[in-house]
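In the two complexes that follow, chain A is the common piece, with chain B as its partner first and chain C second.
Up next, the complex of A and B:
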């Protein structure tokens, strides 16, 4: 069972965060809020999203699982205005999510959860390097890198205490360094990994809205991007596998 | 090396394509002024668009490339059939209703045609459209048969609120092959704002529209588990399809061998790729979309998603450009075979290199380094 009211902007933000990686997902509800965890088709990136019940203006739910067609949701929510209030309602016996806003009433058929990939295990990778950076800065560096290359290196220079993002194209090179005054070094140990900009671009758009993104890095290891949504009442974690260039 | 990209479109600015001019060869003219027989389809030229000329194709053949392949015709046989084909030409408008009857019919129709002058031999080749040998200006045309119309064709052409892309995809889903769909598009029978479309444009437009719709579906299926290499060879066109696990990506590498149709003394290689979205028209032109259609049809039929690399290697024995249907049918043939399973990417690269006769293809691919270098999350301890 689910009966909740939420601001359109918050719901859209959450849907956008998920749709950056997958077209469908399993949404878990319980008395504390809703959550999802999904891996993209190529097993390269993972999203974990949690929306606490405080993010909703009213929330009541029991433990259940919903198969959501994210691509379809995105289309439907495209017409919502910023401050609309949306009511979501799911009863146990029917396989349809009732969504109402602005006097419209949608009845969205849910996907059979069994057809959606199983939830991945929660990640337990140790990533020592940690920095925190404004989401907008991160996104502009990603956009700049995409001009010259299809991959981007993220790293921490421990000696100089610099966080850098660099992209190497066939002919051109771009590098952006962030010093202590621009990022906060939570744990400034040496780290460097290379990532596909295909993924980074989609994730960057979502992260650009976050005040602060915590980046966890290792050496040739995945990166974790962790940030708040819904004014601190929700949380998103992206995990992205690196590219490793054979020399 | 513009020729391999242009394929006779006239990008060099010469009045006539020097490559295609070579085929203005032997004429076996039968200077008839009247024709009574079958017309399998219509043809709309692209010259002078939007004031285009068009008319019926007249031949006792179904104008259906899959049947040419199935009956084992060689390049010579096909050129021979097409050299006997008459292309009736005229301003489209007065004959449009008759031409539309040809387009909607699933079988060739009996027609009576009178030309203003005896037909002349004018064998034209073009990279996209199958060649046609004779042409004549229409004076009169009469369709004698009643067209045989598939119910799904009837439904889609009567629906004026269905966009052209949706119409292509719906017809394809109902089992109408792209050859008839492109005829319907050429005849201005689908879409919201209907227009007569030159045949060479409608061929690629249909390939593109159908495979875009398939692509959206494929993206939702789970990935294949193992690497597979498919290959097929016809009319000196070798097509190798490598399917690799992952989300939808498509890359095509086209090689025109030395002294083949569109290359000079040296080989000419063109590469293009896409993800979920494709920007602009492919430099490989129609072939890119035809091969993509064949692979997308396979993935949709097996309900799988994959990363796809298509290698087309054309040797000098492909002496006459028959049209993009060659690529479509060769690629479809490849996907109908079981394919060779491979353990590793390197093994697949080697097998594809041997099968294509183009061992160095790997260095032209941009998708391959991405696949090789990209780790998955499962490579790390969870």
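Up next, the complex of A and C:
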């Protein structure tokens, strides 16, 4: 069972975060809120998202699993206005989700959750380097890197206490360094890994809205991007596998 | 079976040269496969995905595949194309790229042979606006989980060209040997069921199941084909023969069951929607459950129009009613394969003809039965005078053998020196033809491999060049300067004045004065001229 009302903007923010990586997912509901975990088709990027019941203006749910067509949800957002209140209701027919707003009532056929990939288990990895940076800054640097290359290096220079993002193109390169005044060094140990900008661009757009993104890094290791949504009543973690250049 | 194991078998076969050794290797693997794996294995190893009767198509173009590869490997599409240019083979290129890929992933799942097939089914099911994106997702998913070697064969299967040199005949032998069944029985079952995968599954249950096969409506069977010959020798061999006009149109197969009916082309594509007029005529002529074989011709004022007019109608997807007014089509029915639950292909021709005449009213091709060469000769001239291509001579006692070209059907037509060849490359035109291809590279076949034979640049109207461009531009695999290479599929009929021995082309022959005659998109790539038959033609030339 699910019956919840939520601000259109918060719902959109959450769906956008998921749609950066996948087109469908299994959504879990229980009395505390909703959550999902998904991995993209190439097994390169994972998302784990939690929306607490406090993010909703009203929320009642029991434990269940819904197969959501993310692309379809995004289409519906086109019809919504900012600050619309959206009611989500899982009716007795558990294969239909009712979405109501502005007097409209959408009945969305859910996907058979068995056809959607099972929740991936996040790998157990140590990522010692930790910094926190404004989401907008992170996204700007990603966009700048995309101009010259298809991959971007993220790293921490421990000696200089600098967090850097750099991209090498065939002819040009670009580098942006952040000092202590711009980022907070939670744990400034040496780190550097390379990531595909294909993924970073899509994730960057989502992260640009976050006040602060915590980045966890290692050396030639995945990166974890962790940030709040829904005014602190929700949380997203992206995990991205690195590119490793042949020597 | 894991796709990894399947790939290892393909790799083994690829280096074996001997046909018997290949048959041996495959037949040893078949018995251990599960009921679900067996048909998939059998079709995949031939580079096919769906049953031959099935209208399902994967429709993954080379460009979509390149995009998927680029994404998974973490590179640009241009790099993928460059690698293909360098290796000359999409399979090897994907293998190389996967081996060098920089992008790591969190995990990969072992691909099962059957999972791969189910993913392909998903792709074939998707249609409409979103289909390209859905297809791309599946391509990415498969490649993301593939080892480099698996990537080699996945890529080739997705383009339905496995290039390991295993033909249907070898697999038939392997099935026969694996399940200890006479290969003639296997062959007959394949003709009726038109899916060697399913036949293998039946073979596993024993010979009885294979003996008792039936044709089913909406599972089209391959068309029976004719070979060249002469009136004299046909009569000498058979005594009495049956003769029919050879229509210059396009073959069709009509299926009807429970009030539903469909039309299939020579390549067994579903052309029901393109030919509503032909369908209506046939539905009026018969009301029973039936499968008919015939030829559609275009007529204007009582005279048949050239074949090209018919083909344009077969290809049509939009504006069908407008085309219908311009080109009127009529069916000529000459055979019956199935009637009310009964499979008729094993009956003699004359018996089938009787059934045909009772079950169908009208539009049956006239037939002459005679043992007199002069009468048949006169019939032949009447056919030519009426604007038809010639006549067909059929052995009265012969069964209908789907897909077979044999001496039971002989075609008699004026001698023309034309070859059906695959278009494998082209060069961009010049001047006002700069936006079209101007010259085309053509290939014949030898043991399933394509061997370039000639270029053709003359004989085209502007309209035909535009048509060729429409049919070919999505097939471009590689570009280099003014030259492009195509994923083979389109066939040209080409005329020539003489065959010459030449070291310019790998087949050892070249065409003198090649000229374009027409596009043969009713024909399948496996039906193009073989190098052996070209050699025979060369030997028959007066001066060789």
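One rule holds in what follows: the second predicted complex is superposed on the first by the 242 of 247 C-alpha atoms of A that agree within 3 Å, B and C clash if a C-alpha of one lies under 4 Å from a C-alpha of the other, contacts with A are read in each partner's own complex, and residues count from 1 in each chain.
Criterion: a contact is a pair of C-beta atoms (placed from the backbone, for glycine too) under 8 Å apart; a residue touches a chain by one contact, two chains touch by 3 or more.
Just so it is clear, the structure is predicted and the values come from calculations on it, not from any experiment.
Superposition of the two structures on chain A leads chain B and chain C into a clash. Within the superposed three-chain model, A:202 lies out of touch with both chain B and chain C [touch as defined at top].
In the superposed model, A:150 lies in contact with both chain B and chain C.
Legend: residue contacts after superposition of the two complexes on their common chain; A:13 is shown touching neither chain B nor chain C. Put chain B and chain C next to each other and count what each touches on chain A; the higher total goes to B.
Applying the stated contact rule after C-alpha superposition, one finds that A:41 touches each of chain B and chain C. When the two complexes are overlaid on their common chain A, residue A:237 makes contact with neither chain B nor chain C. When the two structures are aligned on the shared chain, A:137 is found in touch with neither chain B nor chain C.
Of the two partner chains, chain B is the only one touched by A:124; chain C is not.
The superposed model shows chain C running into chain B at a single listed stretch; among 20-28, 56-64 or 200-208 it is 56-64. On chain A, the surface patch touched by chain B in one complex and by chain C in the other comprises residues 23, 39, 41-44, 46, 120, 123, 150, 194, 196, 198, 222, 239, 241-246. Contact residues on chain A toward chain C in their complex (touch as defined above): 23, 39, 41-44, 46, 71, 120, 123, 150-151, 194, 196, 198, 222, 239, 241-246.
Considering their complex, residues 71-72, 74-76, 100, 102-108, 130, 137, 140-141, 143-145 of chain C touch chain A. Looking at the complex, you find that chain B touches chain A at residues 219-220, 222-223, 245-248, 275, 305, 307, 366, 370, 372-382. Taken together, the chain A residues at the contact with chain B in this complex read 23-24, 39-46, 117, 120-121, 123-125, 150, 194, 196, 198, 221-222, 239, 241-246.
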